[in-house]
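Each of the two complexes below includes chain A, the first together with chain B, the second together with chain C.
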Partner chain A sequence: MRTNLADYECLTPGSVREALEQRATGRKLIPIAGGTDVMVWMNDGHLGKVGKVYQSLHALAGEWRYVKTDTEGNLRIGALATYSDVRHHEDVKKNYPMLVHSAQVTGAIQIQNRGTLAGNIANGSPAADTVPALMVYDAKLRLVNASGERVVELSEFFTGYRANVLKEEELISEIILPKPRFAADQQYYRKVGTREAQAISKVVFAGANDGKGNVRMAWGSVAPITLRSKKTEDAVAAGAAADDAWAILQTEITPIDDIRSTRDYRLKVSQRILADFLGKVHQ
Partner chain B sequence: MTEKTVRVGFSGDSKELKINPPDTSPPAWDLDSKLAVVGTNVPRVDGPDKVTGRAKYTYDINLPGMLYGRILRSPHAAAIVKSVDTAAAMKMPGVKALVFAFDESKIGEKKLRYAGDEILAIAADSPERADDAVRAVKIEYDPQPFVVDLDDAMKADAPIVNDGKSNVRGKNPRGDAAAVDAKLAGSSKKIEATFRTQVQTHSALETHGLVVAPDGDGIKVWASTQGVFSVRDGLSSNLGLKAEQVRVISTFVGGGFGAKFGPGVEGVLCTKLARQANAPVKLMLTRKEEHLAVGNRPNSLQKVKLGADSTGKLTAISATTFGTGGVGGGAGCTIPAIYNLNRDATYKAESDVFTNAGSSAAMRAPGHPQGIFAMEQSMDMLAYELGLDPLEFRMLNDDNPVRRAQFNLGAKEIGWPNRPKVAGGGKADGPLKRGMGVAGTLWYAGGGKDAKADVEIGKGGEVTVYQGAQDIGTGFKTVLAILVAEELGLKPEDITVRAADSRFPYGPGSGGSTTTPTVAPAVHAAAYAAKRKLFEALATTWQVKPDDISAKDGKVFVASDPSKSLPFKKACAALTADKVTGSADREANYDGYRGNTAGCQFAEVEVDTETGVVRVLRVVAVQDAGRIINKLCSESQISGGVIQGLSYALFEDRIMDKSAGKMVNANFMEYKIAGPKDCPEIKSIVLDVANGRNSVGAMGLGEAPVIPTAAAIANAIYNAIGVRIFELPMTPDKIIAALARKEGAKTA
Partner chain C sequence: MSDSSDDGARPKSGVSRRGFLKGVGLGSVAIPAAGLLGGSVVLAEEAPPKPSGPKVFTGEIPIKLRINGKDHDLKVEPRTTLLNALRDRLDLTGSKLVCDRGTCGACSVIMDGLLVTSCMVLAIDAQGKEITTIEGLASGDKLDPIQAAFIEFDALQCGFCTPGLIMATKSLLKTNPHPTREEMQDALSGNICRCGTYDHIFAAIEKVAGGARG
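The block that comes next holds the complex of A and B.
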C-alpha cells in the first residue's frame, strides 16, 4: 500500500565519500540504487517508515556507473551499472555471454534500465538471475567503507537467506570478473521460469568448464542462497558420471515447496539440467 | 405486420423462414443480403484515441477539489469486529470523510467473512494520506475459525462460512443417477475421471472504481463498468435518489470480463464519501483489492463418467460437480450441452461450496471453461479408449451442422492428419515433443428486448448515433458506426458515435455476450427511421415517392432517374428542420436459424519432457457469432479469448494459504498471466451465419472463444506425451509429476 513519501527519511549523498561518511555514523541506512527491489518491498508494505532511513545512491552515478576492462584484462562493473549497461557492453558480449543472457531474462526492459547488478547481489534473493552467472565467472566484490576497502569472493558473500557479509558501514563499489577463460561453447546458462518473460525463476543455473580441470556450477532457487556446488564441481572435474554427480549435488542443494513450484519439481529439473550441462561440455 | 420470407443459415446448411416483423422494421438482412460495410474489416473508431492516450478512462478523470477514497478491509479470513476507533485517523491531515461499509450499530457482533471484506472507507486530499489514515484506524478483532480450501470446506467438521449446518449447497440434480449408471454399465466402453480447475481472477487492466461528484441534488458518476444503467439504478436505489438524479458516464473502460456490473460496494462507499464531504471523490481499487474482493471464476471438482457403444455413439453422460465461489455461490460447471442425449441418459448434479474467500462474480462464460475442460477431455479419453480419432469421435456425436463445418475447417487449417497417431508417439526433438488437441464449444447469445437507439441526421449531413451502453473493449462503438453507415450508404468514419452515458437511450449491461445482438437491431431500425425521414423530405423536392429513393456509396438517388442523385451531405440540405431523429426500440426476437452459437479450437503444443514446460505453438479457433458485423474486431475478440483461455490453462491461479486464510499472490508479480512471448500463433476464423432472429441477425462473441482453449491444450498435451493432466493450471510440476507416475507404472 502506498504511503506519503514525504514522510520518509531519505539521505541523498552527492558523492561516494559523503555516502560512506553517512554510513560511518552508525545509523542503519537502506541503500537505494535502481530501487527496483526497494520500491516493490515498500509497495507491498514490507518496509515500514518507522525508524527506517534510506540512502539514495543516485548522485553517485558519475563515480560508480561504468563497465570497463582494466589493464590486466579484468572486467569491472561499477555498483550503479544497470542490467542494460551490462548486456549492451561490447566486452561483456564478447567475453561473458552468460552475463548478457542472465541480464536479458531479468525482469522487463524497464527493470533492466533501472536495476543494477550490485543491487541484485545486495538484495540477496536466492532466485536472482545474474548471480549464478557472476559466480561461474569467479566474480569478486569490492566492499568499501569510509576508511578502506576489502575484496570478497561472490561465492562467499551470502551467509543465509537474504543475509550476507556486508557490514552496515559498507557499500558494494564494484564487481570484478577475472579475465575470461571459458570457450563460448563451454558455457551453459538456463533459467526455468513460470512463463517466458518477466517471471522469477523456479530453477536457474550457470555452468562452465575450461577443459583444464576448472568446472564451475552455480544454482539459484534451490537453496536459501545462490550457491556454487563445489563438491559437484570437483567430482565433475575428476570425471564423475552424471549419476554420481547428481548424487553429490543432492547433498548441496535444498529446494523447498513455495508459491512458484515444488521441491520435487526443482530436484527433478536440477537433475536434468545437470545431465544436459554435462552432456554439452567437455568431460 | 406482413409475412416475409428470409433465407437463414450458412453456405453449408440453410433454410427459408417465414417472419412477421412490424411494418416499421427495416427489411431484415438474410443470407442473400449483399452488404457494403457490415462484415468487412473496420478499424475501431476509438482506436486512435486509445493508442495516443487521448482516451479518458475513469482512472484519468480528475476534478477540482477532488478527494481520494480508500477502503479498509479485513486482514482476517473470519473475525468479529469488536471495536473500531477512528479518532486518530480522522485527526490526520487532509482527511475529509469516513463511512462504514456496514451498519455501525453492529460493531461488536459484525462478522467479517474473508480477508478483504470491507469495513470502512476514508476520503482524504491525496491517495497517500487516505492510505495513511486507513492504517491509523484501530480495530479490535476477535478471529474466528475459517476454511479456504474446497475439500476442507466439504468436511463434516468444517467451520461454517455462511449459515446452516454445512458449507455445501446442492442444486436439484437433473436426471436419474441410477438409470444413467445402468446405461454406463451396459456400454461397450466407458471412462471415469475426476477433474479440478483453479480459481481465476478477472484481472482486467483497469481496476474497479469510480469518480463521484455531487451535482445539484444528484450525482455525476464516472465508472469503470460493464453496466452504465446498472450503476445508475444501483446507486439511485441505494441512496434513495431518482434514476434521473444519477448520471453515469463510462466513455472508456479498461475491461471487465463479468465482474463490473452495478456500483459494487466500492461504488456505494465512494458515493457516500462524496456526499459526506460534499466534494468529488475518486475511488479506484488497487490490484490487491481486485484479486481479493471483486470477483473471480470459481474453482471446480468434477467427477465425470461417459459411455459409448461399439459404434462410437455416446450412451450416457454423468457429471457430479462441486466448486467454491468463496462466500458467494455461482460455482456451477453445467457440463455444457454440446452432445445432446436423452434425459434418461444424462445425469448432472452441481453443488456450491462456501469458503472464507472473496465472492465469485460472473466471469467470461461462467461455468463453461470449467465444464468443457472436464467434458472435452473425457471425450478425448473415450475416443482413445474406442481407438477412434478424437475428431472423428466428436463428429459421430455432434449433430450441429455449424460445428461440424467448423471442425472440418479447423482440422484443415491446423493440419490435423499430421498429429501423432499414438499419444506420445510423435517424433521428439531432444526432450521436446509435439501434439495436437481439439475441443468444441457453444454459447447462447442471441440478445433480446430492452434497448433503444436514436440516430440523428443534420441538415449539414452530420450523422450521430446515440446509445447509452458501454464499450468495454469489445468494439461496440465501432459496431454502432458500421450499422448506421450500412443503412445510410456511408462509411463508418462518417458517423459520430455517442455512447456510454446514462442520458442516452437505454442499453443493456455487457454480459452474456448480448450487447451487440441486443442493441444492433434497435440501431439498425433507428437508422432506417432517420433515413425514411430524409427520404420523405427529398421525395417532396424530387416529386417522387420515398420508396423510390435509395442511399448507397455516399449518394442518395432515384434508381430509375439518373438526374435525381446527390451526394449524401447535399441531399441532407433538403431537410426542412435542422435535424431529424430516428428512434427505435428493440423488437423481440423471432424464430431464427439456431438459438445458440458454435465453435471449436485446435491447439498444437510442444512439451519439454525434462522441465515440464508447455509451449502452445498454434491455436486455430473457429467460431460463429451469427452475422459478423466487424470481421476485424471479431477476429481480435477471438484471439483475446484464446489468450485468456491459454492463460487459464497454463498460468493463472489464486493461491490461498490454508493456515493463514489469505491469498498469497494478490499481485501481478506472482499471479501470472500469459505474456506476449507465451502467446501462440493464433488463426481466428469467423464463420458468418445469417441467424435471422431479428433484422440484423448478429449473435454475441465475447464469451465463447475463451471456453474450449484449456481443453484443447490439455488434449494436445496428452497427444504429445501420452500423459493426461486432470488439473488446471497445467504447470510444469504437474506435467513432470504425471510423467514420473507413468514411468513408475512402467517400471513397477
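The block that comes next holds the complex of A and C.
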C-alpha cells in the first residue's frame, strides 16, 4: 500500500540558508534530494514511522547543483548534482573515469536524471555504486550547518550500517575530489550485479595505484558500509602476491547472505576481482 | 503492485469506485498550489494548528500540470505520483504502471527535456515543468517517425513496454541523432522488455537515425 504522504510533514525551504535554519531548530529532518530512494519507500509503503519530517532540498538546486573544477584543480560536485550531470561533465570524463563508469551503472538514465551522488552517500547503502570510486579518489565531504562547516574524509564518513557522522543540523553541501593523480590504465572499477543495468550490486569495487606507493581499494556490498581495505592496500603497495593479499582482504570484508547474493559467492567474486585488479595495475 | 496500482477499470467519464472513495470524507483545503518538493508548504494530517509558519493542508490539493503543451488543472493527494495523475486524473493512459519503483521504465516521460520515470516523481513536484508523454508525440494521425519505425520493424510483441521505450528513444535521439549500438543500449537500459524485442527496437532506431554509426 502506498504511504499516505499526508501522514508526514515535509518542509520545503527555498534556500540553503533557510534549510540550515530549519535544521538548527533541533528537529530531525530527513533530507530529500533526487528522491530516488524516498519515492521507492513511499510507493512501497515503507516511509517509516508516521510523524517523520522530511525536508525537500529541491529548491536549493540553484545554489547546489553544479560540477566544476576549482582554481586549485579540485573537482567540486554540488550536493544536488545528478548522476547525469556528473557522468557527462567534461572534467569528470577527462580526469575521473571511474566516476563516469560508476554513475553510468547506477540505475539507468531515468534514475541518473533525478538521483544525486550526495544523496547516494547520505542514504548510506553499502551497495552504493559511486561510493567506492569516490573513496579511491580520496573524496572529502563538506558538511554545513547554520553557523559553519567542516570537511570530512568520505572514507571516515560511515560509522555503521546506514549510519554516518552527519549531525542533525548538518547537510552535505558538496563532494570534493582532489586533483587527479592516477594514470588512466591504473584505475579499475568493477560492479557485479544480476544484469548490466538497473541492478543493485552483489559486489562492487574500485581500485587504483599511483605507482608511488599509494594504492587505493574500496569495496561495496561486502560489509555493513562501503569501506577501504587499508591493510590490503598497504600489502599491495609493498608488493604482496595475490594469495597473500587475499588472505589479508578476508580479515577486512565481512559479506553476508541476503536477498541479492550469498556470503560464499561474494567472497569468491571478491577474490577474483582482487586478482584481476592486481593483474592490471603495476605493483 | 496490486495494492498500489490505480489501474483498475475506470470509465472514461463518470464516477469510478476509486473516485467515489476519494470523494468521501476528504475535505480539501484550498491553498496555493505548491509542491511537496518545490513549494513552501508543510504537509500534515490533523496537525495541531501552528501559531505561525508554513501552511498546513490535508486531503487533495489543486495543482496545475503542463502536459504535451497544454495546461491541466486537477486535484491530487500529495502522495500521488505524476504517473497516477496522468493515468487516473487525465486519462493519459499511454504511460504504463508496472513496477512503481523506477526500475522498469514503462512509465517514462520527458520532463523539462530529461527522461524520468513518472512513478518516481510526485505530481505536485511536476508543476511548472514541461512534460511530454507518449500521447504528445503524434500530431493528429501523423505518427512520430519513431512510432512509425517501431511499427515497421515489428519492435514490439505485447506492447506494454513500448510507450516507455519510445519515450526513451525520443530522449536519446534529441541529444544524439546518430547513436551507436552501444549508446542505444545505454540510453534504453532503464526500459525492460520481457518479450525480448530489443533487436527489433535497435533496428527501428537505426532506421530513424538514418543508419547505424560505428
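Descriptive notes on the structure:
The rule is short, and it goes like this: the second predicted complex is superposed on the first by the 276 of 283 C-alpha atoms of A that agree within 3 Å, B and C clash if a C-alpha of one lies under 4 Å from a C-alpha of the other, contacts with A are read in each partner's own complex, and residues count from 1 in each chain.
The working rule: a residue touches a chain if its C-beta (ideal position, glycine included) is under 8 Å from a C-beta of that chain, and two chains touch if they have at least 3 such contacts.
Because the structure is a prediction, the values reported are computed rather than measured.
In the superposed model, A:Ser15 makes contact with neither chain B nor chain C. In the superposition on chain A, contact is made by A:Lys202 with chain B only, not with chain C. Of the two partner chains placed around the shared chain by superposition, chain B is the only one that A:Tyr265 touches, whereas chain C remains out of contact. By the touch criterion defined above, A:Thr251 lies against neither chain B nor chain C after alignment on the C-alpha atoms of chain A. In the superposition on chain A, A:Ala59 makes contact with chain C only, while chain B stays out of contact range. When both complexes are overlaid on chain A, the residue A:Gln110 reaches chain C alone and has no touch with chain B.
When both complexes are overlaid on chain A, the residue A:Thr25 reaches neither chain B nor chain C. Shared-chain residue A:Asn214: touches no atom of chain B or chain C.
Between chain B and chain C, the partner in contact with more residues of chain A is C.
In the superposition on chain A, A:Thr159 makes contact with neither chain B nor chain C. Counting contacts by the rule stated earlier, residues 1-5, 7, 40, 44, 196-198 of chain A appear in both its interface with chain B and its interface with chain C. Per the touch definition, chain B reaches chain A in the complex via residues 126-129, 131-132, 134-135, 286, 288, 431, 610-613, 650-651, 655, 664-665, 667, 669-670, 672, 674-678, 731-733, 736-737, 740. Listing the residues of chain A that touch chain B in their complex gives 1-5, 7, 40, 44, 192, 194-200, 202, 259-262, 264-265, 268-269, 272, 276.
For chain A in complex with chain C, the touching residues are 1-12, 14, 32, 35-36, 39-40, 42-45, 56, 58-59, 84, 104, 107-111, 113-114, 196-198. On the chain C side of its complex with chain A, the touching residues are 3-4, 34-45, 47, 54, 58-59, 77-79, 81, 100-103, 105, 108, 114-117, 119-122, 125, 168, 171, 186-187, 189-192.
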